[in-house]
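Dumping the structure here so I can ask a few things about it.
Chain nomenclature is as follows: A, B, C, D and E, assigned in order of appearance, with residue numbering initiated at 1 for each chain independently.
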Amino acid sequence: MKFDWAENWPQFAEAFGQTIYIVAIAMGVGGIVGLVLGLALYTTRRGGLLQNTAVFTVLNVLVNFIRPIPFVIFLTAVGPVTIAITGSRIGTEAFIVPAAIMASFATSRIVEQNLVALDRGMIEAARSMGASPLRIIFTVVIPEALAPLILGYTFIFVAVVDMSALAGLVGGGGLGDFALTQGYQRFDWAVTWITVLVIVALVQVVQFVGNSLARRVLHR
Amino acid sequence: MSEIIRLEGVHKSFGEGPGAVHAVEDVTLSIDRGEIFGVIGYSGAGKSTLVRLINGLETVTSGRLVVDGAEISAMREKQLREVRPEIGMIFQQFNLFPSKTVAENVAYPLRVAGWDKARREARVAELLSFVGLADKARARPTQLSGGQKQRVGIARALASEPKILLADEATSALDPETTRDILGLLRRVNAELGITIVVITHEMDVVKYLCRRVAVMERGRVVELGEVYDVFSRPRQDVTRRFVGTSLRDRPSPEVLARLAATHPGTLVTVGIQEDTGSSARLMRTLGEHEVDGAIVYGGITEIGERPFGSLTLALTGEDEAIRRALADLGGYTTVQEYPELEELKR
Amino acid sequence: DAAKGSEDNPVKIGVVGSSDPQWPVFKDLAEKEGIYVDIQNFSDYNQPNPALADGDLDLNQFQHILYLAQYNEADNQDLTPIGATAVYPLGLYSQKHTSVEEIPQGGEIAIPNDVTNQARALFVLQEAGLITLKDGAGVVPQPADIDAAASKVKVTPVDANQTVVALDSVDASVVNNDFLKDAGLDANDALFADSAESEGARPYINVWVSRAEDADNPTYTKLVELFHDPSVTEAVKDASGGTASIADQPASELQDILTEVQGSLK
Amino acid sequence: MKFDWAENWPQFAEAFGQTIYIVAIAMGVGGIVGLVLGLALYTTRRGGLLQNTAVFTVLNVLVNFIRPIPFVIFLTAVGPVTIAITGSRIGTEAFIVPAAIMASFATSRIVEQNLVALDRGMIEAARSMGASPLRIIFTVVIPEALAPLILGYTFIFVAVVDMSALAGLVGGGGLGDFALTQGYQRFDWAVTWITVLVIVALVQVVQFVGNSLARRVLHR
Amino acid sequence: MSEIIRLEGVHKSFGEGPGAVHAVEDVTLSIDRGEIFGVIGYSGAGKSTLVRLINGLETVTSGRLVVDGAEISAMREKQLREVRPEIGMIFQQFNLFPSKTVAENVAYPLRVAGWDKARREARVAELLSFVGLADKARARPTQLSGGQKQRVGIARALASEPKILLADEATSALDPETTRDILGLLRRVNAELGITIVVITHEMDVVKYLCRRVAVMERGRVVELGEVYDVFSRPRQDVTRRFVGTSLRDRPSPEVLARLAATHPGTLVTVGIQEDTGSSARLMRTLGEHEVDGAIVYGGITEIGERPFGSLTLALTGEDEAIRRALADLGGYTTVQEYPELEELKR
């Protein structure tokens, strides 16, 4: 009773679509919210553009509070939020809510990390021209840290793809769930690895794009 | 002339306790609107720190600092932001934005100041062609030579036509020719637009060419301050004397003197040339009166602030007595440096 | 080597949910009889069978015959049931509705997403008249086998735990029996449940499993016997909220059922 | 039948010990292997100290191959390796093998990312003195990127703690599994959150240490 | 003298196609063991690129480059590593290690060279006290002034006693006094240890003080090359003339001339002073013979390579005819620059 590709092709295609959907939205939302959070961590940290110990401490603790919670527990805990947003705790959309939140927090650390060692001379130059902190962030800090940021986002992309395999927890589908339920749980290694290969291919494409962008941005 | 920058008892320390570095100590000075003010001093004297206080990049540890009526030393970052667009700065380390092109670097302060695209582009093109980098508009700072980077920094600082320009070693990486062009530009913006310029430099020629007044710093303090001509012609501090000396290269070093003594007959003396005390014509006349022959063997006369200044080292030949009398006469109206140690050698 | 079951070489038993109350009772009982056991807990149903097949475990006890059959078939193994434990009914629960009839057309039902519970849940829903399975769906149907046109509701497979959590956002959930007590659900509130005694429930008898060569190992047989001590079965029943019906079919009968089920999977 | 702390305290303590064990070894091994892999990615990339397109491509693809595989599938796939190393595919040690491998690959990307934007001037200075690539890496590249690297390792630490919650898959125990099986799966939210709080506290301590180290290293 | 560095038709381009920058073009030159060789030229002329080729930091696009017998241009990175410890480099942008202390920065090349701890510490202490930074040994580069950074760079480059020193604008951030100390040090290591030094500088004084030979670069090419005295006293290229002029500051600019003409009676002329052609004593004698009075109003005489060199601008008064004859005589043995345009103005 092995998997019948010919017959179940639409099921696979649907899972593929779900993964794209989950990853696109979780990355989109998580990427932006994570950027904001990461910038907040960077700017409020000691010696930052808007040094503010109170804000930094709260954010720092919050991010560390959320990140280590086992995902299925976190997903259950944010259920009420999910219901408020999507009307249900189950289904693809319902999975995206906790996934996007988790992605945001993870991204915030990646962003922070990539900005923290930025050369202060050019930030001083911008300050000396009277540029506001917000302007400095968007016109100096981000452009100057773009290469590592791109690689950081590529990292997060892979993490989100990996996380999307958990969508099955709430009936969210996706390729990861497909590999698990149609392959792994049925001990059908062909299905498992074919699906995993598709996921890997997706990741390779994005990494390739990320690498080329980073290289271009480094002007080598 | 109205005052635009005033420092009153300004201190700046880095760190605390016994390991603290007192980079600027008890500096009180005032800079007039429209003047070009020079700051010189040994490496590490506190020059960069001083100008970085003026636009609030460093906060004053104690003392008062007022720029164009605004009390910088009492301001918070947010208020400083309103003052800063009026103060351009050329950084000693250039501090260019590495990921922006040359043109984007120069355009940056214009964006901050809200210039529209067309004006911005015109201004950038004008500045780049002035600093001779029109062909590098689309290059990145990493692709530039040292002097090219510095010129981008200069163009960027001047872009938004600030009221005050802080130039920290603005020509240190430039060849003499390019330096002359840049100094000419600074003089022009000062004359035409009335921009006040604070120039830190270790090149005395820059001081002589540009500045009206100069402050000499040593270990955080301003040890001498005045009109450039006065400071250079009558240096009171040791540090100033050394700087002026190396700069004019008009006073021979002991090695050079020894060589001159070996190759020239006669008595070596160095005589000061100054507008009000001793012109070279008067000098020659005095020698002629005493029938003493004076061959110029070293030294020079240049202008400081459009007035002649320098010294000449002469090899005097003639009657010993005549020489003695001639020197006495000279000593009456200018400085005369004799070298008895060389006479010893000759004997 | 110390003999199997001695203190130095305990019998390693893989379970899913070692915190269930019967295990401490069972462990103590076995020790009194001179058999030392090591209860190894797994959070994932997929791992205990390969672990047994590889020899990392001596026995496992977490699955029903259908699940075992499916594993043997897929992984080409010959793990063997050596004793029965219990049969649990599988029920449909809801916070929104009080009867099956109330579930609206197009309603959403959450079911467990592990292969066999999912299949059994689909049978439950078919029995309750909420869905219709396509012809040839087989013994282990999946949501793709639902004839949507002929069905009243939409089915969403989720993590077994989430069937309980999601009660607040679906019309009803098929909830595994072992969650009832912890979840504060009462088996009597089920809108519908399959019957443990029925013939159709035979593939769902939970079993003790060993490698084929150990099927007659007296130590293991003894453990199966001990499991049916009243102190243990009480704990089993208690944990299931009284719904478990203790099963005591002999090993040979269980092996027959396995052969039968495995045959139908081919 | 809620959880009885008094009675089950040893169980909790054991889970705590398992988490520390898993995290310590997975971080230790993953941190070092990840550093080596990350350095390899950094040095062989175009413009790197040992530019080598072939090696870079292989590593790049390999890392991207492993990272997106759903963890439970990966764990099963590396089973033979696990058995070869620990003698068993189940238990705490058996979990550490796939966890350490995954941690290595994730760390490699974090390391790569934090090195890629390093100023090339000082690397040139070291080259001009005749320093070998290896020496440059250990005496210039790593020390100069230390602040972001420390934050990067703190990030990975949290990720490994998060991953340790999956130890239960193979009977590996740990706090995450404890929260899942004793709390979440029994709908006992008190146990769930108490356990999660302990995990969070652990993470906060490490993050605090990471932040202070990074700050010290930045010399502010 | 044996040759230590040889370039044969060396080219270096950045980029390809029409947008390529040809930083160094067809340079052929040879530097002797133990000499101090200067490279001057406009900003962006290719000076830094040229020296970066010498230790293989940039790879030659075409041509041959041999250093101390080793063909750098044919070497792979691994082989270069063996040659490089013998070549110290002072970078234009300093390139210090920001996370290491000043002492650790200076000790780095010694670690690479495998010196033991005791020798390393002694050497670092010696170098730091020489460059005047003993008290900054434990500071980090970010806590240093521009000149202090440069001095750390100098100490680091000299640390392992290399055979060749590449000094790219090594004193550009230093005050005159510190510059003199550093130049003295370079001259000493050259004289005492026989280190070959390639000096890039835009300060002509540095060339005059240090170098035996100098190459003048313009747009990637070496346009003039020779003994410093010859190049300075008889510049053949326009760029050289300008550099020498600004450097000696002995020839007045048109503005200065106009002012001099206004304030001094008589005819202004600028007369060259050179060892072999015209000494100032001879000059004065000539004027005296023609009964012409010559007041020195501008100019200077310094030494290049221990030989006198410069020019004097004189205001000549006397009979027109006498002046004419005196100038003719002078023109017989030295260069005379007259300013007819000023005479026009006077009339």
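Heads up, the rule we're going with is that a contact is a pair of C-beta atoms (placed from the backbone, for glycine too) under 8 Å apart; a residue touches a chain by one contact, two chains touch by 3 or more.
What you are looking at is a predicted structure, and each value in this text was computed from that prediction instead of being measured.
Enquirer: In this assembly, which chains make contact with chain B and also with chain C?
Expert: A
Enquirer: Minimal path length between chain A and chain C through chains that touch?
Expert: The distance in steps between these two chains is 1.
Enquirer: Let me have the rounded angstrom distance from the C-alpha centre of chain A over to the C-alpha centre of chain D, please.
Expert: 17
Enquirer: What whole-Å value do you get for the distance between chain C and chain D if each is reduced to the mean of its CA atoms?
Expert: Each chain's C-alpha centroid was found; their separation is 36 Å.
Enquirer: Centre to centre, by mean C-alpha position, how many angstrom separate chain A and chain B?
Expert: 55
Enquirer: Using the touch definition from the top, which residues of chain E touch two or more other chains?
Expert: Residues 93.
Enquirer: If a residue has to touch 2 or more other chains to count, which residues of chain D qualify?
Expert: 72, 76, 180, 184
Enquirer: Two-or-more-chain contact residues of chain C, please, as numbers and ranges.
Expert: Within chain C, the residues that touch at least two other chains are 46, 161.
Enquirer: Can you identify all of the chain pairs that touch?
Expert: A-B, A-C, A-D, B-E, C-D, D-E
Enquirer: Per the contact definition, I'd like the list of chain D residues that touch chain C in the complex.
Expert: Against chain C, the touching part of chain D is residues 1, 72, 76, 79, 83, 88-91, 168-171, 173, 177, 180-182, 184-188.
Enquirer: Touching chain D in the complex: which residues of chain C?
Expert: It is residues 14, 17-19, 21, 40-44, 46-47, 50-51, 54, 56-57, 161, 164, 179, 181-184 of chain C that touch chain D.
Enquirer: What residues of chain A sit close enough to touch chain D in their complex?
Expert: Counting only chain A, the residues touching chain D are 45-47, 60-61, 64-65, 67-73, 76, 106, 109-110, 112-114, 116-117, 119, 145, 147-148, 151-152, 154-155, 158-159, 161-162, 165, 176, 179-180, 183-184, 192, 196, 199-200, 202-204, 207, 211, 214-215, 218, 220.
Enquirer: Where on chain E is chain D touching in the complex?
Expert: Interface residues on chain E, with respect to chain D: 55, 57, 80-85, 87, 89, 91, 93, 95-100, 108-109, 111-113, 140, 142, 156, 160.
Enquirer: Please give the residue numbers of chain E that touch chain B in the complex, ascending.
Expert: 14, 21, 40-45, 47-49, 92-93, 143-148, 150-151, 168-169, 172-180, 202, 204-205, 239, 242-243, 246-247, 249-250, 256, 259, 264, 279-281, 284, 293-303, 306, 308, 310, 312, 315
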